[in-house]
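Listed below are the structures to be examined.
Heads up, the next two complexes both have chain A, just with different partners, chain B and then chain C.
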Partner chain A sequence: MIEIDTLSVTFNAAGRLVRAVENVSLTVGAQESFGLVGESGSGKSTILRAICGLAPISGGAIRIDGKPVAPQTRAFARQVQMVFQDPYASLHPRHTIDRVLSEPLTIHGLKTTEGRIEQALTDVGLPTSFRFRFPHQLSGGQRQRVAIARALMLEPRILLLDEPTSALDASVQAETLNLLTRLRETRGLTFLMVSHDLAVIDHMCDRILVMQHGKAVEALSREALAQGAMTTDYARTLFTASADRLMG
Partner chain B sequence: MRAWLLDPNPRSRLQSRLGQAWLQALRFRRNHLAMLGLFITVTLLLAAIFAPLIAPHGPITQSLADRLQPPLTPGHLLGTDDFGRDILSRILYGSRITLYIVGLVILTAPVAGLIIGTVAGYFGGWVDAVLMRITDIFLAFPKLILALALVAVLGNGMENAVLAIALTSWPPYARVARAETLTVRNSDYIAAVRLQGAGATRIIWGHIMPMCLPSVIIRVTLDMAGIILTAAGLGFLGLGVQPPDPEWGVMISAGRKFLFEQWWVATMPGLAIFLVSLGFNLMGDGLRDVLDPKGAR
Partner chain C sequence: MTLLSVQNLRVTFDTETGPVQAVRGVSFSLGRERLGIVGESGSGKTMTGRSVLRLIRPPGRIEADSMVFDGQDLIGLPEPQMRALRGRRIAMVMQDPKFSLNPVMKVGFQLTEGLRQRDGLSAKDARVKALAALQAVQIRDPERVFHAWPHELSGGMGQRVMIAMMLIPEPDLLIADEPTSALDVTVQAEVLSILDNLVKTRGMGLIFISHDLRLVSRFCDRVLVMYKGRIVEELPARDLMQAQHPYTQGLLNCLPRIGGPRTPLPALDRSQAWAQE
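Entry: the complex of A and B
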């Protein structure tokens, strides 16, 4: 469903070229959950941002259903949505939850019925009484649920998840991950997920790609991950670092 | 009704919006200084509306026998000027002119500045470069000189004075709005709405402008006294409001000649400007607090 072909992203930081992603290729099948793992600065989030047109692509191609992507158009918005890392920064501080959730519908000229917003809140496990609250009246986990509900308003088939739980504490992390898994199953979504935490990836993803310094290091299936069958040293180091939590 | 308004879980958009407005009004009322500002502003409004009813004399009725009477003279509470005109009446009628000038400038300059600043900040690149260089050109001239030049081109009169002041006072608002825009335009919530396919107009109007509004409001209230004084300066130089119209600035400049012997001629309209500026400042400060939903308890 998503094909990324020798993608390179180069930032121009005050005249200095920073190669954030170099020649990374991957494919994600329909209704699959694909994970990108790596330490901070390995370029995994940049790949997601490149898909959305938020990072400058300097080489390679991104295709969805065989067609080159046209990010930030309405047609693209109905196919692909993203959940951001920090729920404290991804909701407009002066808009009510109602406004946040109805905005995508208004942009696309769809009818915003009261029931639709309340249904969206219920789907992510929030009480409908939250509808007219402001983001600062919600906890981090609740905000991230709102962000997930917003991403799902347009009923996209692909959800890009940029470390959706790293800003949340452990118990809320598990709840949010379970919510995402449930939504994927009921709606048949395709996930492309970024995390630095192998435990999260192991819980969520069918296949993973390990990245380091903007390059792809190793692709692994969930089985290979569970058996610890990595071939590269870097993937093994990453695995041992979070092994205790994987077993638990 | 109160319970309905303060319901923490409103059932409809209307109820939520009215509840918000009610909470904002309550927050504004708790701020005593802001209420004082509102009181001064409302008093100014009432004075302007009912000037013919309250004023003891006509604003341009001369009476050379009563010239330069001190304050508290029977019949002339604030004294008279060099033509024997009652200063209180002139101040009351002058509030109409002051309100007119301030109102029109507030309706035009900050709006223009806000639009130019947010557009420049949001698009960046050459749009930013062009708009900001124009802003710099306007900023480079002393405000009064530029206003003078504009009035000289457009011709005398109050409308042209307002236009000239508006045209010279938008650049600071554009700068403030642009600075705010730059801090929010790369935030995740703007990225999120872009990903939903929103156009630039919707993003700037609905998402960026609300974030710029507080700083611009503060800036406007701070500039209020400056606007009144610029209008006065234009009047003083014989452009803008013309004597014998009772504009406060024109009154001050007329009283300048007697400042040491008959202090009240210049001081009374000066006090009026001071009070009104103070009122606007206090009210603006309260408004900014009210507009921030985080201030809610």
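Entry: the complex of A and C
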């Protein structure tokens, strides 16, 4: 469904070229959940941003359903939506939840009905009474649910998840991951998920790509990860440093 | 030997809707060991750490039956004497280097400020000490870091600089508030082993505040689990997996594990009597 072919992203920082992503290729099948894992600066989020047209592509191609992506068009927005890392920064502080959720519908000329907004809130496990609240009246976990609800308003088939739970407490993370799993099952969504937490990626994804310094290091299946059957040193370092391995 | 003993600590904030208790009757004692305090956001763990240094601004109030550090009751101590303890005897490492280093001061100047002001060292001597401190936290090129601005450092480097800064006066007690949560896992492991080494070689007491149970269980000797401003369970870190309290168990079970089942993660049950007011 998503094909990324030798993608390179280069930023021009004050005359100095920064190669954030170099020749990364991956494919994600329909209704599959694919994970990108690596340290900060490894280029994993940049790949998601490149898909959405938020990062300058300097080489390679991104195709969805065999067609080159046309980001920042309405057709694209109906197909692909993104959930960002920080729920404190990704919701407009002066817009009510109602306005946040109805804005995508208005842009796409769809009818905004009371029922539709309330259904969207119910789907992500929030009470309908939250409709006229502002983001600052919500906790981090509740905000992230609103961000997920907003991403689902146009009924996309693909969700790009950029560290959706790393700003949340462990217990709230569990609830949010459960919500995402349930939504994927009931709506047949395709996930491309980024995280630095190997345990979270393992819980959510079928296949994993380990990245470092903008390059793909190793592709792993879920089984290979569980058995610790990685072949590169870096993937092994990440695996041994992963928090849940520390329990012994 | 007991380094710090806290009895019935309470932190209250007077708000428009009445007083809010962020910490409600916390008691613990600490020797020259590593004590972990774990809990979710809002559990009062940071407030407990800050209270020891009396770093809570009005309208917040700190009350305790006693808070004895090395024979002195911190509760009744006049502010000038409290200032003499801060940094020199009790130091604190804050969560995020991005917000805790002064962005308009070079790293070296910040590192040596205390040495020059407090200990009256010459700029030259302070510099030698600061460079040695940077080396102690395994910064490869101390000279470069010394002359760098905070924004030129990565998160892991910034965090090491903060640890170095706190360790220069060789405190007896170090309070580390989420010292690694802004860091990548591989860097996190490095910073922890640096802290661990320092605790062992210098015989410091350490209060390690974190929301990450797994990290605390590996790194600390003893763990306090906090919920809504109270300590719900205290246990040796190695027994964490056998925790009795349902809240501790809930916190442990809701974490995904590599190779774990794909079933929904158990959510924390807050309906029990212990979770009520």
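Heads up, the rule we're going with is that the second predicted complex is superposed on the first by the 243 of 248 C-alpha atoms of A that agree within 3 Å, B and C clash if a C-alpha of one lies under 4 Å from a C-alpha of the other, contacts with A are read in each partner's own complex, and residues count from 1 in each chain.
Just so we're on the same page, contacts are C-beta pairs under 8 Å (C-beta built on N, C-alpha and C of every residue); 3 or more make two chains touch, one makes a residue touch a chain.
Since the model is a prediction, treat every value here as computed from it, not as a measurement.
Chemist: Examine A:S171 and indicate which partner it touches, taking first as chain B and second as chain C; both and neither are also allowed.
Modeler: second
Chemist: By the touch definition at the top of the document, which applies to A:V200: first (chain B), second (chain C), both, or neither?
Modeler: Only chain C is touched by A:V200; chain B is not.
Chemist: In the overlay, answer first, second, both or neither for which of chain B and chain C A:L54 touches.
Modeler: The first partner, chain B, only.
Chemist: Go through the superposed model and pick first if A:S40 touches only chain B, second if only chain C, both, or neither.
Modeler: second
Chemist: In the overlaid three-chain picture, which partner chain does A:L91 touch, first (chain B) or second (chain C), both, or neither?
Modeler: In the superposition, A:L91 contacts chain B only.
Chemist: Once the two structures are fitted together, what part of chain A is touched by chain B and by chain C alike?
Modeler: none
Chemist: What part of chain C is in contact with chain A in the complex they form?
Modeler: My answer: residues 40-41, 154-155, 184-189, 211-215, 217-218, 241, 250-251, 254-260, 262, 264-268.
Chemist: If we count contacts the way the header does, which residues on chain A are in touch with chain C in the complex?
Modeler: Within the complex, chain A contacts chain C at residues 39-41, 140, 169-175, 177-178, 181-182, 196-200, 202-204, 225-227, 237-239, 241-248.
Chemist: Spell out the part of chain A that touches chain B in their complex, as residue ranges.
Modeler: 52, 54, 71-78, 80-82, 84-86, 89-96, 98, 103-104, 107-108, 114, 129, 131-132, 134, 136, 147, 150, 154
Chemist: For a test of understanding, state which residues of chain B touch chain A in their complex under the given definition.
Modeler: Listed in rising order, the residues are 8-10, 12-13, 16, 19, 187-189, 191-198, 202, 206-207, 210-211, 293-294, 296.
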